[in-house]
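Labels run A, B and C following the written order; every chain starts at residue 1.
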Amino acid sequence: MFFKSSKTIIISLLLIAILMTGCSSGKPTETSSTNSPATGGDVKLVLAAYTTPREAYGEIIPLFQAFWKDKTGQTVTVEESYQGSGTQSRAVVEGFEADIVALSLEADITRIEKANLITHDWRSEPFGGMVSTSAVAFAVREGNPKNIKDWADLLQPDLEVLTPNPKTSGGAMWNVLALYGAAKRGHVEGFSADDAGAQDFLLNVLQNVSVMDKGARESITNFEKGVGDVAITYENEVLVGQQAGVNYQLVLPTSTLRIDNPVAIVDTYVDKHGTREVAEAFVDFLFTKQAQEIFAKYGLRSPDAEVAKATAAQYPPIQDLFTIDEFGGWKEATPTFFGDDGIFYKVFAQVQGIQINE
Amino acid sequence: MSVTASPRSALVKTQSPFLDWLDQNKGKWTKWTLITLVVAYVAFLIVTPIAALAVGAFEKGIGKIISSLNQPDVFLAFWNTIWISLVVVTIHAIFGTLVAWVFVRHRFPGRNLINGLVDMPFAVSPVVAGYMLLLLFGRNGMLAPVIDALGIQVAFAMPGMVLATLFVTMPFMIRELVPVLEAFDIRQEKAAATLGATGWQTFWRVTFPALRWGMIYGITLTFARALGEFGAVLVIGGGVQGRTETATLFIYRALDERQYIGAYSAALVLGLFSLILVLGSDWLRRKRE
Amino acid sequence: MLPHQQPSPYQNMNVQTTSTQTNKRNPSIPWGQVGLRSAALGYLALLLIIPLLIILQDGLREGLAEFWRQVTLPAAWSALKLTLWTSTVMTVINIVMGTLTAFVLVRYEFPGKSILNGIIDLPLAIPTLVTGVMLVILFGPQEALGAWLKDKFDFSVMFAPPGIILALLFLTFPFVVRSVQPVLMDLDLSQERAASTLGAGGWTIFRRIILPPLTLPVITGGLLSFARAIGEFGSIVIVAGNIPFRSQTAAVYVFGEVESENRLGASAVSIVMVAIAYGLLMFAEYLRNRRSKGSKKEAV
């Protein structure tokens, strides 16, 4: 009695399966993910970036599109995704088919390398593959009411500090290492210039942290909403925010960590999509003076010496600028600080221990 | 149990000794105290946040709202949301009915166990739902070889988001239909059968009309829930602008980009849309009764 | 929540009807039934059972000891505790206010009552992310209400557990109300009147006549709110501080672990969350069944 109905149902099942796969995006202007090769016709690039350079890429991409159209007659569309650097990196490893990754720190590129998705030597690009640099700095309220001048000022009692969560945010990792390094190098009064002193300093600052967001951008926008007294962040986040009209001040500590942001094409996906030529051109474009000037415009210090000199007024020199080499590079820093038993998590757990007992 | 069941008709003057006693013994103003308490609570908890959202959206005037929403990626994000929701509603309409039917009319081993499982999505955090799909369809996922062979992309693409939304909206249709089916007098079907109707005819002409209202409520709830899905699609979709961004993900991004008017307006639009659906079905239900 | 688990009284009749009608095809194998059942079960399997199995498999793939270790990691355990206590506080408030609201809606007449009734369902229509956004607009430290609370009472609503409880209250408000409302409406006033004529005082009437039938819907509504609250993400990620050990809920913790490749940890905590929520839902279902079985016996 129900035979006909079950047959219909099974047919409907098949139809729907076909429908779903056939219209896999459903958008009216969709092109399938396996693209036609880069010669002739339109080409699509997928860019996976961390949260901070959003505005810079917003301006660079149209320039690149014009440049490429001029050179080859091809129209390039770029699909952008901006998430925490760690989040983005993992997504790519999980199957997010990004052609180009522009991340906050080298460790996130290394992860993709380890998954065998990036197979070329991206460090052989100009500036060691680093397309922009910045520094860890503070965002404070207009007029700097809490008078924050340097790292030691973060220890004021009842001060509310914002910094993102290192689990998901590359920016958070830079922050922690900057803090640690500054103390270890003896630039924080009251703390010995060694690991013990640095850990002690970290412990004390963490006690003042009130919100830990997923990403650097979320952290600073929270700060803008009135949360906290100071946000540890990228110098360039503050500059971009100021450009967007937000009223806060940038404070550069005497000693801080240089943030180097790498960019690389993802070999597996560009080969799969047939977009290698365009992708490589895009990365090359990022190192040109034109693009570097745009990065500088949006708060990022350029690794290009000329552009750096030209924009020196915007970017005051930092007294003691150290790099990730202070910690043996990311390949050592990541496990030492952010592994399961890493220094950060150990100290953080201690902080909670202290706070619970208060 | 239907969460949105509304009182059938307003209870007029009840002759409730309890209420009289309350009035007499606890003070004349008990009634109004209680009402005020409830109204204040509802106003504070529910109305003020929504009002705050509206105020935030209109802060720079309606012109700014229109210009923020009149962007290609906004349209795309809303289109993605609507498309996903429509696909999900269609699938649940067909299969939800099927499942409800099989539950009510058939007996088979494991029936009771599955009975409980249908409500599972209600207990699963959307993040967990997205993560489960990632485990299945991510690059090293269990079903990765299968979908690779088929050439489809599931994770970080629309199919994944459809699946995630299918999962979280599963209970609604079935929960609405089962009581209706249970209450339906099967003798009508039997009668149709004895009069020579085939199974399919019986279903369409006799049973289905009785299900209509259950289906409408089910569709409404499913649709409203699908429109608002966030956590699961964030995990499985990745929020790629122009590709896997839904309305909720757009709102999330707009907040990140400091496009507050855009975020609030999109939130209002999305909220209004769902609201019309839910209140509309409530109203229809009340009219019927 | 599928209603009573007893088979329909017409079950057997249905089976007979089916087999007589499939004479056309094959009298002995009820294709229709098998076909339907497979389709239904296939759908459920793909969408429901397989995802659940995979997370079970993933969480337990290194054995129970490792599973438990992940669940009891300080951050995870803290997150679970925070989730449970905020959900509990929220449920208690929800039960009280929800029952009161239902009572007011059913028993009293007042202007604007139908508007109030409609508003109850609003939270169901609002995407959870939007809920979070709204609450931050209202209670963020810079906003009128939030700033005032902070200045006057040093009370932070946002980015702290109160914000979590508030968001959860918003989201689950309809559940208790809509659970209690139909039962209150169905209450037989004649029982009340009978008790009154027999000399029962108001308070006794409340305790013995009104309250007992309400216990079940109140509990099931409460359990539903609780189960829903455990997994909440979209609003919490906006309003809570997300600081591990302090203002990070289990769902946000899982998100962090997914994002930081602690797969096992993510799966393990997810399993615990689902087990708790699902256990509660099943308990609510059980209570409801007991109730209906009990009443069935009375009817007979």
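As a convention for this text, a residue touches a chain if its C-beta (ideal position, glycine included) is under 8 Å from a C-beta of that chain, and two chains touch if they have at least 3 such contacts.
Since we're looking at a predicted model, the values are computed, not measured.
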Taking mean CA positions as centres, which chain lies farthest from chain B?
A
If you tally C-beta contacts across B-C and across A-B, the winner is B-C
Once you find the CA centre of chain A and the CA centre of chain B, what distance in Å lies between them?
35
Round to the nearest whole Å and give the separation of the Cα centres of chain B and chain C.
14
Contacts with 2+ other chains: residues of chain A
1-3, 5, 9, 13
Indicate the residues of chain C shared as contacts by at least two other chains.
17-18, 21, 32-33, 36, 39, 43, 143, 237, 255
Flagged in chain B as touching 2+ other chains are 95, 98, 134, 193, 198-199, 255
Parts of chain C lying in touch with chain A, wherever the complex brings them together
17-18, 20-22, 24-25, 31-36, 39, 42-43, 74-75, 78, 136, 140-143, 146-147, 158-159, 237, 241-248, 255-257, 259-262
Considering the complex alone, what residue numbers of chain B touch chain C?
1-8, 10-22, 24-25, 31, 34-35, 37-39, 41-42, 45-50, 52-53, 56, 95, 98-99, 101-108, 112, 114-129, 131-136, 142, 163, 166-167, 170, 174-175, 178-179, 182, 186-187, 189-190, 193, 198-199, 221, 224, 227-231, 235, 247-248, 251-252, 255, 263-264, 267, 270-271, 274-275, 277-279, 282
So, in the complex, the side of chain C touching chain B is made of residues 1-3, 5, 7-8, 10-11, 13-14, 17-18, 21, 32-33, 36-37, 39-41, 43-44, 47-52, 54-55, 58, 97, 100-101, 103-110, 112-114, 116-131, 133-135, 137-138, 143, 166, 169-170, 173-175, 178-179, 181-182, 185, 189, 192-193, 195-196, 201-203, 205-206, 209-210, 220, 224, 227-228, 230-234, 237, 250-252, 254-255, 258, 263, 266-267, 270, 273-274, 277-278, 280-282, 285, 288
For the complex, give me every residue of chain B touching chain A.
76, 79-80, 83-84, 87, 90-91, 94-95, 98, 134, 137-139, 141, 144, 150-153, 155-159, 162, 193, 198-200, 202-203, 238-243, 253, 255-258
What residues of chain A sit close enough to touch chain B in their complex?
1-5, 8-9, 12-13, 16, 19-21, 24-28, 33-34, 46, 51, 54, 79-83, 91, 93-97, 115, 215, 217-218, 221, 224, 241, 244, 246
